[in-house]
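Listed after this line are the structures, all set down as C-alpha cells.
Look at the two complexes coming up: chain A is in both, with chain B in one and chain C in the other.
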Partner chain A sequence: MSIKYWKQIVDSLLSLMAGFFVGGIIIWLAGFDPLLFYQGLLIGAFGNLYYFMTTLSYAAPLMLTGLSFAIAARASLFNVGAEGQSYLGALAAVSIGAFLTLPNLAHQLLIIVFAFVLGGLLGGLAGWLKVSRGVNEVVSTIMLNYLSLYVSNYLFTYWLYDPMRAYKTKNIETTAILPFVMPGTDLSLSLFLAVLASFFIYILLWKTPFGYEIRAVGLNPTAASYGGINVRRSMVLSMFISGGVAALAGAFEVMGRFHCMDTELTYIKGYGFDGIAVSLIGRNHPIAIIPASILFAMLKTGVQAVQRYTSVGGRTGVPLELGLAVQGVIIVFVALPSIIDMIRRMR
Partner chain B sequence: MSPEQIVHMKGIRKIYPDGTIALRGVDFSVKEGEIHGLLGENGAGKTTLMNILYGLIPPTSGEIYLRGEKVEINSPREAMEMGIGMVHQHFMLIPTFSALDNIILGREPLSGPLTIDRRSARKEIEALMEETGLKVDLDALVENLPVGIQQRIEILKMLYKKAEILILDEPTAVLTPIEVRELFSFLRKMKESGKTIIFITHKLKEVKAIADRVTVLRRGEVIGVRDAKDVEIPELARMMVGRDIKMKIEKRPPSLGEEVLIVKDLWVKDDRGRDAVRGLSFSVRAGEIFGIAGVEGNGQSELVEAICGLRKVDRGSVILCGVDATSMNPIKLYSLGLGHIPEDRHKWGIILDFSVEENSIVGVHRNKKFLNSIGLMKGGEICKWADNIVKSFNVEVLSLKTPARSLSGGNQQKLIVGRELSKNPRVVIASQPTRGLDVAATEYIRDLLLRMRDEGRAILLVSADLDEVMSLSDRMAVMYEGRFTGIVDPEKVSEEQVGMMMGGISIGGSYEH
Partner chain C sequence: MDLGILSIFVEPSFYLGALRLMVPITLAAIGEIIAERSGVVNIGLEGIIMLGALSSVYVGYFTGNLYLALLAGISTGIALGILHALISIYLAGDQIVVGVGLNLFAYGIGVVTLYLTWGTFANSPIIPKGAQIPKFYGFSPFVPFTIAVGIIAWYIIERTSIGLRLKAVGENPRAADSAGINVFKIRFFATLVGSVLAALGGVFLGLDWLASYTRDISAGRGFIALAMVVFSRWNPIIAVFSGLLFGFLFAISLSIPSGIVPDQVIWSIPYIATVLVAAGFVAKTRAPAALGKPYKRE
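Up next, the complex of A and B:
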C-alpha cells in the first residue's frame, strides 16, 4: 500500500477522533456524561453477539449503497439515486421471489440479476440523460427516486400485496431466501455478498481497462478522450453499475431480512442516502467502504441503546434525538476529508 | 514631452515571478485623438503593456504619465476613473443580463436608495449610440446576441463610463469581414469625437487601414514607431518578426520517404461553429519535419485536433499511412502509427491525479500486452513499460506510483513525449511541444524531434514559437485564418516574407519537395 493510502487512513482516523470529541462536548453541554454515552454506544453496537450481528446486518445494505455512490463518483458523477434504485431491487426481489417458482440457487440468482438490471437501467437512464441531453444527474436521480418510490408503492399495494395481512406484500418463496448466518439474529449471507461486491468493484475499477477508463473520465474527461476513451459510454456504464449495485441493497434486505416488503417501503427507506455518507467516509474507495459501513452501522445500532444505558439512578438517559445529533456530528467529521477533496476538485 | 501626448509610458519593465521577462524597458506614447496601432507577434508583450496601463497588473519598474502628469494605476477601477477603458479579447459581459444592464453595470444611476434609474441611463446611452453609430438593441439579452454586437456593448460600456482612451485587444479576431468594416467605421467616428484609441493587433493590413501611427513590439522591446501612411507593409513585417540571432541547429539533410500523412481539402469548425480550418491540403513525408507557424488562434489547434481524432472533420479527409483516417477514434489512430504531443498538457496530455504509471498507458491501455487472459491489467507489464519510458526519456520521478501532479512541467512533458514516442509512431504530431519549458527541457525535446526525423518518422510540428519552427523544419507553412499563406523553405525565406505571411499576406508560389 502506498504512502497516499496510509496518509488518508490517518486523516480519517484523526477526523473520527475529532468527531467523537466534539460529539462528547455536545453530550457534556447537555448535562450528561460523555464517557458513559460512548460506552453505551459501543455496548449497544458490539456488546453481545446479538448486538454485533445486528450491527453487521445493517452494514450490508450500507456497504452496497456506499459502493453504488463510489462507482459513480469515480466517473465524477453524483448519483443521489441509490435510494430509488434500491426500491427497484426490493421490487424485483418481491415479484420474482413471491410469484415465481424456481429451484433454490436459480431463484436467488435470477432475483440478483433482475434486480441489478432494473436498478442499472434506472441509474443508466440518468446517465444517458446527462450525456445526451445535458440533464444534471443530481436533479434527474432525485426525480427518479420519486418515480421508483411511487411505482413500487403502487405495485406493492395493488398487485403484489398479501390479502391475508395489511400493508405487506406476500412472502417470498423459501427458495428465494438468503439464509441467516446465525438463526435468531438478522445477519444473513447478504453481508458476505456485499463484501464480495466490494472486492469485485475494487478489481473492476483498478485492475481492468474498463475501470481505468471510468477513473480517467472522472479525473480528466478531455485527456480521457485523447486516450481514445468513449467518455459518454463510460459515464452511462458507471451509472448503470452504480444503479445495479444500489438495487442489490434493496433486494438483499428482502431476501435476507424481511422476506417481504411493506407497501410504503419503510423497511428500506434511507439506505440510499446513508450510502452517500458511507462512501464519503470511505473516500469513495470500495475497500475502505467496508469499515466505513460498519462504523456507520455501529452508530445506527449503538445510538438505540444509549438512552437505556445512560439512565442511571432514576435519572432519564440521553434522549434518542440527542444521540442522533451526535451521530450526525461524527459522520460529518469523518466524511469531511473527502468532502473537502470533492469541493477542491470541483473548483 | 509634448503636451499633446495623452499617454506616455516610460521605461516599463515587467518580470513575472517565474522569471519570464515580458517587457524590457518599453517607452510608449500616444497622441490625443489618434488611433494608435500596437503591432507584434505572440508573446511580444502587447497585451501585458496594455494590462499595465489598465491597472490589471503592476509593472516591475517604469513610470506612467497621463496628460503629462505622473500617475499610479493600481486597478482597472482607478484606470476607469482616469478615463482609460479596455476591451479584452474575451468579453466580460453577464450573459443573462440585458445589453442595457450590462452597460450600466458599475455606474448605475440611482433614482432612489434602492432603485436604478434605467430611463435616464437609456437616454444617455441612446445619445452615445447616436454619436458613434454603435447601434445595439438595449433590451436584448447578451446571450442571444452575436459576438460582433457583444463587442459593441463592451465598447459602449467603456464610453458610458466616460473612457477617453480606449484600448482594444485584438478586436477583429472574433469578427467577420463585414463586422470588421463596421468596427473600423465606428472607430473613425469615435476618433472624430476626440477619443484616443489604442488598437492591439498582429494583422498588418489592419494597421494600414485604421491606424494613424503604429508602435511595433518584439520580445518585450519597442522596435520602432512609424506613421502608418508612410510605412510600407514589408517594413512592418520585418520589424514584427526580425530575428536577432537565428538559432542554429545542426541537422542532416532529410532523407525523404513516402507521404505518410496526407490532408486533403480539410474544413474544421471551432467550438463556436465558425470555420477555423478552411480547405487545407498538405502532406508530410517520412523523414521530414513539416512546421506550421503562425499567430495563435488562426486554426492551428483545430487542425491538430481534427487530424488526431479529437474534433469532428467538417469536410475533406485525412490519410494516415495509406488509410483513410478521417474522424477516426484516437485509439485506432495510435495503432495505425500516430503519436500526438498535445498543445495543452494539463487539458489533453496528462491526468494529474493519475500516477506516472497510469499516465504512461493512456491511449494504449487496451493494448493486448497489458492484459492477461481474463482481461485484467498486468501490473508487472505496465510497470516495466512505465519504467522504460521514465529511463529512456530522463523523466525525473521519485516512484512510478507518484501522481503526475507532483512532477515539474518539464518532466510532465517528457513523460507525455516519452509515452507518445514509445508507441513507435510513424507520424508524430507535436503541438507547441516546448511551451512553458525551461531551456534544458526545451533543448532535449527539440533534439528528440530531430532524432525521430532522422529515424525516418514524419513529424508535423505546430508552434507559435517562430524560431522553433524555422530552425527545426525542413519545410514550413504559415497559417492565417484557417489557410496557409505560404509553404516555404525556412533556410531561404526572408524575415520580411515570414512577417507578411503571419500578418495575412500570401506570398506567391508554394514550396514543394
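Up next, the complex of A and C:
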C-alpha cells in the first residue's frame, strides 16, 4: 500500500479515537462510568460468539448505506437521503414479500429489484432536481426523507398492517426471507450480499468506463465536460445507484432480520445517517467501507451494552441516540484537514 | 354556514400562528444569507436550532429566568459559530462535512439530555412561566424582531461599506485580500452572526412556541431555511416574505383537524412545498462565486 493510503488510514483512526474519547466524556458528564462505554464496545465486538454475530449483522445495513453515500460522493454529491431511500426499500420488501405469492429465489429477487428501483428513483429525483433545476441535493434529499417516512408510515398503518398486531405490518412469506447464517443469532445472508455489493461497486467505479466518468465528474466537472463526458447524466445515474443501494439496506433488514416492519419504521431508523459516518471514515472507498461498517456496528452494540448497564428496574437506560452524538463528533473530526499534514506543516 | 375544512382560515389564531411559525425559519435563513454572502456555507443550521432550543429550555427550566435562558441560547449560537468558523475558515476544513456532523451530534445529544434530565425520550415538561417569552395580546415580540432583523440585514448588506466588503469577500476573496480587506475576519463574524440567528430560531421554538424541548424540535426547519436562502436570491427582505409563506404552510399542516385527509399527507405539506418551490425558482439565481470554498493565502 502506498503512503497515501496509510496517511488516510491513520487520519480515519484518529477521528474515530477522538469521537470515542468525546463519547466517553459525554457518558462521564451524564454521571456514568465511561469505562462501561469502552468495555461495551469491546464486549460488543469480542464478548462471545453471539455478540460478535450480532455486531456483524449490524454491519450489513451500515455497509450498504455507507456504499450509497460513497457512490454519490464520488460524483461530488452529498446524498443525505439514504435514510428515506432505505424506508422505501423496507416498503418494497413488505409489500411484495407479504402480499405476493412467488416461488423461492424469484420472490427474493423481485424484492431486491423492486427495492433498488424504488430507492433509485427517489435518489435519481434528487439528482435530476440538482442538474436541471439547481436544487441543492442536501436540501432535497432531507425533504424527501420526510416524504418517504410519511408515505411508508401511511401505507403501513392503513394498508399493509397486521390485523392481529396493528403496530406492525404483516409478516413476509417464507419464500421472501433471507435465511439466517447461524440460527439463534440475527446474522443473515444479508451480510454476504452487502460484501458482494461492496466489491461490485468497487469494480463499477474503478474498472468500468461508467465508473470512470462518475469519478471524473466528481474530481472536476468542467474538465470532465470538456473531455466529452455527459456530466448531468453521470450525476443523475450516480444518485440513482446511490438511492438503490440505500434501499437494499432497508429491504435486507426486513428480509433478513425482522420479516416485517413496525408502522413507525423505528426498526430501521438511523441507518441512513449512520452510513454517512461509515463512508467518511472509509474515505468513500467501497472496500474500506467494509471494515468501517464493522467498526460502527461495534459502536451500535456498544451503545446497546451501555443501555443495558444503565437500565434500572423497568426503566430503560441511556438512549441509543448516544451513538448518533458520538458519530456526529467523529464526522466533525473527519472534516478537519489531515492531522498528519498539519503536524508536518508545523515543523 | 358550514365551511368544512376551510373554517380554519377564518380563525384569527390561524394567522397569528402562521406569523409565529415564520420566525425560526426566517431567522435561520437571514443568518445563513449573511454567512453565504461572505462565502461560508453552514449545513449545520438544523443542529444549531436544536442546540439553541435545548440550552435555553434547560436553563429556563431550572432557573425560571427568561434572561438567563436567552443568554444560554445565544451563547450556544456563539460557541457553535466559533466552532464552524474555526474549522471551515481558519483550518480550511470541509464545510459540508462539519455541518452534517453537527446535525447528528445535536440530535443525539438532544435525546440523551431529555432522557438524563427528565427521564423521557419524547419531550420535556413545560418550562416555568417566568422563563417563557411574554406575549402581548397573543402576539410574540419575536415576530417584529424577525422582520426588523430582515430589514437591518438587507440595509447592511446593500447600503453600507461593511456590506460591500462582505460581498467582495464572498465573490472574490483574493481581490478583496489585495484591496486590504481581512477575508478571515469578515468571514468569521459573518459565520458567527449566522449561527447566533439560527440559535435564536431555536430559542423561539423552546421558549415561545412550544415552551419545552421535544425530540426533533427543529423538524427540518434548518434545511428548509437553506433552501429559502437560494430562492430568496440571498436577499433578507425576500427571505422574510418566503418565511411568511412557510409559516403559513406549517400553520396549515398543524391546524387541519385529523380524520379529513390522512395525517401523513398534511404533515408532508411543508416538505413537499420546499422541494416544489426550490425547483420552481432556483434556476434563475446565482450563488456568491466563492461559496463553500475555503480561502488560503499564498
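Keep this in mind: the second predicted complex is superposed on the first by the 274 of 347 C-alpha atoms of A that agree within 3 Å, B and C clash if a C-alpha of one lies under 4 Å from a C-alpha of the other, contacts with A are read in each partner's own complex, and residues count from 1 in each chain.
In the analysis below, a residue touches a chain if its C-beta (ideal position, glycine included) is under 8 Å from a C-beta of that chain, and two chains touch if they have at least 3 such contacts.
All values derive from a computational prediction rather than experimental measurement.
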Contacts of A:P103 with chain B and chain C, given as first, second, both or neither: neither
Partner chain(s) touched by A:P163 [first = chain B, second = chain C, both, neither]: neither
Contacts of A:G323 with chain B and chain C, given as first, second, both or neither: second
Touching partner for A:G184 - first (chain B), second (chain C), both, neither: neither
Which of chain B and chain C A:N136 touches, first, second, both or neither: second
First, second, both or neither for A:I26, with chain B first and chain C second: second
Which partner, chain B or chain C, touches more chain A residues: C
Which of chain B and chain C A:T208 touches, first, second, both or neither: first
Footprint of chain A on chain C - complex, ascending: 43, 47, 83, 87-88, 91-98, 100-112, 114-116, 119, 121, 220, 223-224, 226-227, 230, 262, 264-265, 267-268, 271-272, 274-275, 278-280, 282-283, 285
Residue numbers on chain A that touch chain C, as the complex places them: 26, 30-31, 78, 80, 129, 132-136, 138-140, 142-144, 146-147, 150-151, 153-154, 157-158, 273, 276-277, 280, 315, 318-319, 321-337, 342
Chain A-touching residues of chain B, taken from the complex the two chains share: 308-310, 329-334, 340, 342, 347-354, 358, 361-363, 365-366, 370-371, 375-377, 379, 401, 403
Complex contacts: residues of chain A adjacent to chain B: 2, 4, 203, 207-209, 212-213, 215-216, 219-220, 222-228, 230
